[in-house]
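Take a look at the structure below.
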Amino acid sequence: MLAVTELELDLEAFEGPFDLLLSLVLRDEVSLRDVDLAEVVIAFVGVLAERDELDLEACGEFLVLISALLELKARGLFPDEEAELAELEPEVAAEELARRLAEYRRAKEAASWLAERLAQPRFFRLGPAPLACHGVQDRRALPPQRPEQLAAALRLLAVPPPLPSTAHMALAFPPVAQFVERWRALLRRRTLLDFDQEVRGLTRAEIAVAFLALLELRKQDELALEQAAPFAPIRISRPERERSLAWNVRSG
Amino acid sequence: MERPLRLISTNPLDELARTIEALLVVASQPLSLEELVAATADEAVRVEEALEVLGERYREGRSGIVLERVAGGWAFRASTAAAAACARLFERPVERGLSQAALETLAVIAYLGPCTRPEVTRIRGVNVDGVVAGLVERGLVAEAGRDEEFGAIRYRTTPLFERVFGLESLAALPRLDDLGAGADEIRARLETVAAQRSA
Amino acid sequence: MERPLRLISTNPLDELARTIEALLVVASQPLSLEELVAATADEAVRVEEALEVLGERYREGRSGIVLERVAGGWAFRASTAAAAACARLFERPVERGLSQAALETLAVIAYLGPCTRPEVTRIRGVNVDGVVAGLVERGLVAEAGRDEEFGAIRYRTTPLFERVFGLESLAALPRLDDLGAGADEIRARLETVAAQRSA
């Protein structure tokens, strides 16, 4: 069985196992902005390729983790756009995110093209020449201007700015710790929980964080997760039932 | 062709070329063809011919002064062979220490054309107010009016930007499609892995 | 002596001369012998020799670029033969007119009466030091004493400003009744909006 969290990564911004990357990201010690998630996908596919048979469980687990990371990254890249994106249909939102990620990637590529141009030093004179022509002075006249331009300029300065949007506050990412506590409290009172039922009514951002909190608790052996089949309900229980787990998130 | 231009003083084109040399050595910005035509009071065709002659005379490897087509006009700069000597005497305050954030912001403004800080922020994902202020200070971007709807200031790149990066105009920026393969590259690598797997 | 310098590319003195050419075309001040020696990392005797060669190459009647020895050292200037063309270049009207930043700054100073740079900065939401310096250089605004409270220099519009905008006096500025009755009300309104913008 392939343990996804043990996947060894060698990225520009991070080197080590996948689960360490996850916890560093959750603790804000590594910025997702710097992590090339496509490289993570390639590393995973590479490991899969080395094995004889397709490990569906590992694939499922990996997809859940990588999509959570992608969502986190996307939201980090477009902090002001959460409200707008949340209002879109999921497919449209995904397309919009992909479009913006591509836009950002192109901006980065253009920046590196510019940086290459700078590597070749170019010297030219900034400002006027030390000596001009004998008897000629730089006296640049201004052509006649319309006074209405002044009035228009001042009117533009008097335009009040748009009211700041407060929509993002409703969608801000709650701290993972808050959900860690919530799951612990629930498990103290009940032995078996259904993920979908517990997160009903939460925003997409909150559901993502709730799931990350779950993975964190699972890693610390505080609970067990069970999913009969891909897309089947996720059942959460106390760790005693751990041996019957159908899909394995590596412990410790 | 090897006879030096400057010795043929009876040739009127040579005289025009000398006048253009003079204009370029005192101008503080690249001079456009129209500006050269107006200042020399000559014909555009002849000015272009003279510029061609000067381009041959003042070219890399042949002269320490190099004539280049940049920022929509013509300007002299130092030859690259003299870059080390220039670096001992002059600073490059405009481009020294440009951060990655500054380069990305410049790239966005150069490609999008006049845009506001919120627009750049949307693409870069982080607040760019400080970065834009720094670029304005360096003279690489400048204000370009206000957004009519919200009154936010728009920014554009300056001719100095084109000069520093040696661009004939903004049209000389590479097409974004040409930059990196992006998605295609990832797909190709995945396909390689898949091929290994099925082998 | 009549053989052109640029053809003797194997001569190291020629190379030194090319480096000096490059330094002189980049410099915005005359360069002293010491500066040239330091930048070229060569010997003073050889730099002087190279300057002599360049003096012969870049002299009046032979080139549009003329090497001149002045008090501070050596510098290029335009040939006197090109004086008429230079005059046309420098005295031509600036086609592009005024930038939005310049217009806004002028509008604030014209409508609100003499203001300091910090006051204009507050209303515009961006630093205006460079803009005000440019307007002073063009003669459109001038210093008008100091702010009594903070000691900052106040600026007012000039008679040239009124001429350029075709105004008999500042009282002839287009009315802005929609923004407020009188300069004080308009100023209060602009400051309120500026505060909202920076919030």
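Some observations on this one:
Going in written order, the chains are labelled A, B and C, and every chain counts its residues from 1.
As a working rule, contacts are C-beta pairs under 8 Å (C-beta built on N, C-alpha and C of every residue); 3 or more make two chains touch, one makes a residue touch a chain.
Predicted model only: the values in this text are computed from it and were never measured.
Ranking all chains by how far their C-alpha centres lie from the centre of subunit C, first place goes to A.
When chain centres are taken as C-alpha averages, the shortest distance to the whole-protein C-alpha average belongs to B. Centroid to centroid, with C-alpha atoms defining each point, subunit A and subunit C lie 46 Å apart. Chain geometry summary: the mean Cα position of subunit A and that of subunit B are 35 Å apart.
Here the spacing of subunit B and subunit C, counted between their Cα centres, is 20 Å.
Within subunit A, contacts with two or more other chains are made by residues 123-129, 131-133, 156-157, 159-161. Counting partner chains per residue, subunit B has residues 22, 25-27, 76-78, 82, 86, 90, 146, 151 touching two or more of them. Interface residues of subunit A, counted against subunit C in their complex, comprise 123-151, 153-161, 164.
By the touch criterion stated above, subunit C contacts subunit B in their complex at residues 2, 4, 6-7, 9, 15, 17-23, 25-27, 31, 35, 38-41, 57, 61-65, 76-79, 81-82, 85-86, 88-89, 92, 99-101, 125-127, 197.
By the touch criterion given at the top, residues 33, 38, 41-42, 45-46, 48-49, 76-81, 100, 102-115, 117-118, 120-129, 131-133, 156-157, 159-162 of subunit A touch subunit B in their complex. Residue ranges on subunit C touching subunit A, taken from their complex, read 22, 25-30, 68, 70, 75-78, 80, 82-83, 86-87, 90-95, 97-98, 100, 103-104, 106-108, 110-111, 123-124, 138, 140, 164-167, 172-176, 178-179, 186, 189-190, 193-194, 196-197, 199.
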